[in-house]
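Have a look at the structure that comes next, please.
Chain nomenclature is as follows: A, B, C and D, assigned in order of appearance, with residue numbering initiated at 1 for each chain independently.
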Amino acid sequence: MEITAETVAFAIFAVFTLGGALGVVTMRNLFHAALMLILSLFGVAGLYILLTAPFLAAVQIMLYVAAVAILIIIAIMLTRSLMKAPIAANKQWEVSALIALIVLVSLVAVILQVSGGRVRSYWPQEPVGDVPADSITALGASLVDPDRYVLPFEVASVLILAAMIGAIVIVRSRPTS
Amino acid sequence: MVPLWMYLVVSAGLFAIGVYGVLSRRNAVAILMGIELMLNAVNVNLIAFWRYLTPMDVSGQAFALFVLVVAAAEAAVGLAMIISIYRNRQTVIAEDIDLLRG
Amino acid sequence: MGDIITTIGTFLTDLLSSLGMGPSAVEITIKIIVAAILGVFGIGLVIFTVWLERKVAGRIQDRLGPNRVGPYGIFQTVADAIKLLTKELITPAGADKVPYNIAPVFSVLGVLLIWAVVPFTTNAIASDLNVAVLYIVAVGAFGVLAVLMAGWSSNNKYALLGALRVVAQTISYEVPLVLSLLVPVMLAGTMSTQGIVEAQPIWYIVYVPVAAFVFFVSSLAEVGRPPFDLLEAESELVAGFHIEYSGMRFAMFFLAEFMHAFAISALTAVLFLGGWRGPWVQQYPTLGFVYLGIKTMVVYFVVMWVRCTVPRVRIDQMLNLNWKFLVPLSLVNVLMVAILGKLPLRLSEEQVAEVLQNTPWVEWAFGPEFMAELPRAVLFLLANAALVIVVLALLGVYARRERRKVEALVDEGEFSAPQPAAAHQ
Amino acid sequence: MSINEWTFIAIFLIVAALIPVAAIVLGALLGPRKPNPVKVQTYECGMETHGDTWVQIKAAYYIFALVFLVFDVEVVFLFPWAVAYNQLPLFAVIEGVVFILILAAALVYVWQKGALEWV
C-alpha cells in the first residue's frame, strides 16, 4: 500500500484513538485520564472524517468532547476521586489484561480470517460507491420517515428525557444516613 | 482509500482497551470511561461498514446516532449513581461499594 | 473582472508551478498560505479591535481613551503587546505542567478555527464545509476545554471554582445558541455558511429577529463579554480561571476573548445580516469583503455599546436569564418557524413577473428572488412581532409579581432593601 | 463535500496552534526567568493557601451539565431534520414538532423541580 496523505492521516488518528484509550485505562490521575479520553474521542472524530461522515465527526466533538467529557470531569471533581484512588488498577488487573487480550486476539482473528495459518482478508479494499452529496438531508428525512426511523427517533427523545429525570432524582436525593 | 480491515482492527483495539479499563480500574468513574471507549469502538465499526458496504443508504449514520444517545443516557445516569453513592458512602472505589453483600 | 481572489489564486498557482512544483504540492502550498493569512488576520485584527474598543468605551464614558502612543493612540495595543512579550512567564508551584501549558494554546485555537468557515465573498471561503454550523459549535469545545484545563492545572482554588463557573455559563448558553442556529439552517436548508448567505435575498434578521437576538445574546455570554463577564469581573475580582497566568500565556486568553467577540460579530453578520450580500456584489465579488466588513463592524459596535451600558449580572440572574427566558423563547421560536415555514407563501415565477412588470425598480434594486420571498418574510416578521409582544407582556407580569414580593417583604420589616440572593460558594 | 475541504481544516488546525505556541515561546525567550519560592506561590488573595485545591463543589454544576447534555443530544437529531426541512412533508415536520415538545417537557420538568435554581 502506497503512502498517501490519507494513510498518514489515518495513522495519526489511529494513534490518537488507541494511545488516548491506553491513557484512559492506565493513568493514575483521573483528570489526566479524562483528558486522554477526549484525545481518544477526537481521534475517533478524525476517523469519521476520513470515512466521509463529517456530520458524525462534528456530533462526536460536540456531544462527547463538549458534553459527556465535561459531565465526567464534573463528576470527578464532585466525588473528589483524585485524592481517593492512590492505585489505579485493582487486584484482578492481570486477569483483566488477559481477558482484554483474548478479546482483541479473537476479534482481530475474525477480522483478518486467520485460517490454516494464512491471513486472508475478505473485506473490500475500496468502498462500493461514493457517499451522496446530500447524505445529511437524506439522514434528516429518514429520521422522520414513518417507514424508517421515526419510532427510534421519538423513543430516543423519550429515553434521554427519562435518563435526565432519573439522574436528577438520584443526584438530588439527600444522603440516607 | 484505507482498506476496511484497518478500521476494524483499530475499532477492535479500542474495544479491547475499553474492556481492560472496565475490568481493571478501581474508580467507578474510570470504569464508566472504559464503557464509553467500548461504545465508541462500536460506532467506528458501524460507520466503517456503512462507508464501505452501503454508502448510498443512511442506516449506518442513523444507527451511530442512536448509539450516541444511549451512550449519553448511560453516562448521565451512571455518573449520577456514582455521585449519589459517594455522598452516602464517601467512596467511589468499585470494590468498596458492596451494599448488597450485607 | 474585479475579482481579487481569482486573480491572486491564478497568480500564485502560476508562480508556484514555475518553481517546479507538482499540482498537488501547489495546492497544499496555497492552502498553507491561506491558513497563515487567516491566522495572522485573525490575530492582527485584535491589535486594532482592542484599540477601537478602548477608544469607543472612552468616548461613551466621556473620556478620551488611549491618546499617547501614536496618532489617536493607535499604537497603544502594540506597546501593550511588547510589554506582555517581555514579562516573565511564571509557573505556579504545584501546577500540572502539561495541561497548564496547553490551555492558552487551546483557547486561541478554538476561536481561530471559526474563521475557516466564514464566507468573505462569493468565492472566498477558506473551507466550505457542509456541516459548517455544527463545526462552529464543535470548535467551541476547545474553548471550554481550555478553561477547564487552566482552572484545574493552576493548583488554585479560585482558579478551579472560576473555571467551573465559566463552564456552567458556557454550556448553559450553548443551548439557546444552538437552538437559534437551527433557524437559519431550517430556512436555508443547508448547514454550509456559504449556502446560508446565498439563501438570503432578504436578510434573516427580517424573517426571524427573535432568533437573531437569542443568537447574539447567547454568543455574548459564550464569549464572557460584559454584561456576562461576572466570572472575571476585572474591576472587582481576581481574574477567575486564568489567575495564575502571566505574560504571553495570559495574553493568549485575553487575545482569544477579543478575537471571539469579533468572530461572533462576523458570524451574526453571516447568519442573519446577509454576509457579503449587497448591491453589485455578483458583478464585483471584491465588494463582498467591504459589505461583510461593514456589517461586522456594526455588530461589533453593538457589542461594545452593550459592554458600556449594561450592568454586570449576578450568577443566579445569568442562569435564570438563560434557562427561564432564552431557552423557552428559542424553543417557541423554532416551533413557530417549523409551522410557518410550511405555509405555501413563496411566489411562483409568473406571479413575480407580474408584480415586477408594474414595479420595475424593485427588480433593479433587489432582484427577482427578493420579490418571490417577500410575502414569506413579511409573514415571519409579523409572527415574530406577535411573539415579542407576548413575551414582553409575560415579562411585565413577572416583573410586577417580583416587585410585589419585595414590597411585601419590606412591609413586614424583613428587609430594609431588596436582598440579593446569596450566590456565594 | 469532499475530503479536500477537510485538508484545509487540518492544515489550519496546525497553523492556528503554531501561532500561539510561537507567541508564548517568544515571550519565554524575551522575558526574564527568575523564579523564587515566594513568586511561584499560589495566589489566593495574599493568604497562605490552605488545604487541598480540590474543594468540594456543589451538585448544581452536575445538574446544569446534565440538562445541557440532554439538549445537546436532542439538537443533534434536529440538525439533519432542519437541513431536510424544506423537502419534508407536513407529517414529517409534525414529527419534529413532537420531538421538540418532548424537549420542552424536559425543560418544564427541571424548572418545576427547582433544579435550575442556583442556591
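Side notes on the structure shown:
Here is the rule we use: a residue touches a chain if its C-beta (ideal position, glycine included) is under 8 Å from a C-beta of that chain, and two chains touch if they have at least 3 such contacts.
A quick note: this is a predicted structure, and the numbers were derived from the prediction, not measured.
For the pairs A-D and B-D, the count of C-beta pairs in contact is higher at A-D. Of all chains shown, D has the CA centroid lying nearest to the centroid of every protein CA atom. If each chain is reduced to the centroid of its CA atoms, subunit B and subunit C end up 34 Å from each other.
Averaged C-alpha coordinates put the centre of subunit B at 21 Å from the centre of subunit D. Averaged Cα coordinates give subunit A a centre that lies 31 Å from the centre of subunit C.
Under the contact definition stated at the top, the residues of subunit B that touch 2 or more other chains are 65, 68-69, 72, 75-76, 79-80, 83. Multi-chain contact residues of subunit C, defined as those touching 2 or more other chains: 129-130, 134, 160, 164, 167, 171, 174, 189, 191. With touch defined as above, residues shared between interfaces to two or more other chains in subunit D number as follows: 1, 6-7, 54, 57, 59, 61-62, 65-70, 72-73, 76-77, 79, 82-85, 87, 93, 96, 103, 110. Contact between chains, per the stated criterion, is found for A-B, A-C, A-D, B-D, C-D. Per the touch definition, subunit C reaches subunit D in the complex via residues 28, 31-32, 34-36, 38-40, 43, 84-94, 101, 104-105, 108-109, 112-113, 116, 126-130, 133-134, 154-158, 160-161, 164, 167-168, 171-172, 174-175, 178-179, 182, 185-186, 189-191, 238, 243-244, 247-249, 251-252, 255, 315-316, 319-320, 323-324, 327-328, 331, 334-335, 338-339, 341-342, 421-423, 425. For subunit B in complex with subunit A, the residues that touch the partner chain are 1-10, 12-21, 23-27, 29-30, 32-34, 36-37, 40, 43-44, 47-48, 50-56, 58-62, 64-66, 68-77, 79-84, 86-88, 91-95. Interface residues of subunit A, counted against subunit B in their complex, comprise 1, 6-7, 10, 14, 17-18, 21-22, 24-25, 30, 33-34, 37, 40-41, 44, 47-48, 50-53, 55-56, 59-60, 63-64, 67-68, 71-72, 75-76, 78-81, 84-85, 87-90, 92-93, 95-97, 99-101, 103-104, 107-108, 111-112, 121, 123-132, 135, 138-139, 142-143, 148-149, 152, 156, 159-160, 162-164, 166-168, 170-171, 173, 175-177.
Here subunit A touches subunit D in the complex through residues 5-6, 9, 49-50, 52, 54-55, 59, 62-63, 66-68, 70-71, 74-75, 77-78, 80, 82-83, 131, 133, 135-141, 143-146, 150, 153-154, 156-158, 160-161, 163-165, 167-168, 171-172, going by the rule given at the top.
Put simply, subunit D touches subunit A in their complex at residues 1, 3, 6-7, 10, 52, 54, 56-57, 59, 61-63, 65-70, 72-74, 76-77, 79-85, 87-88, 91-93, 95-96, 98-99, 102-103, 105-106, 109-110, 113, 115.
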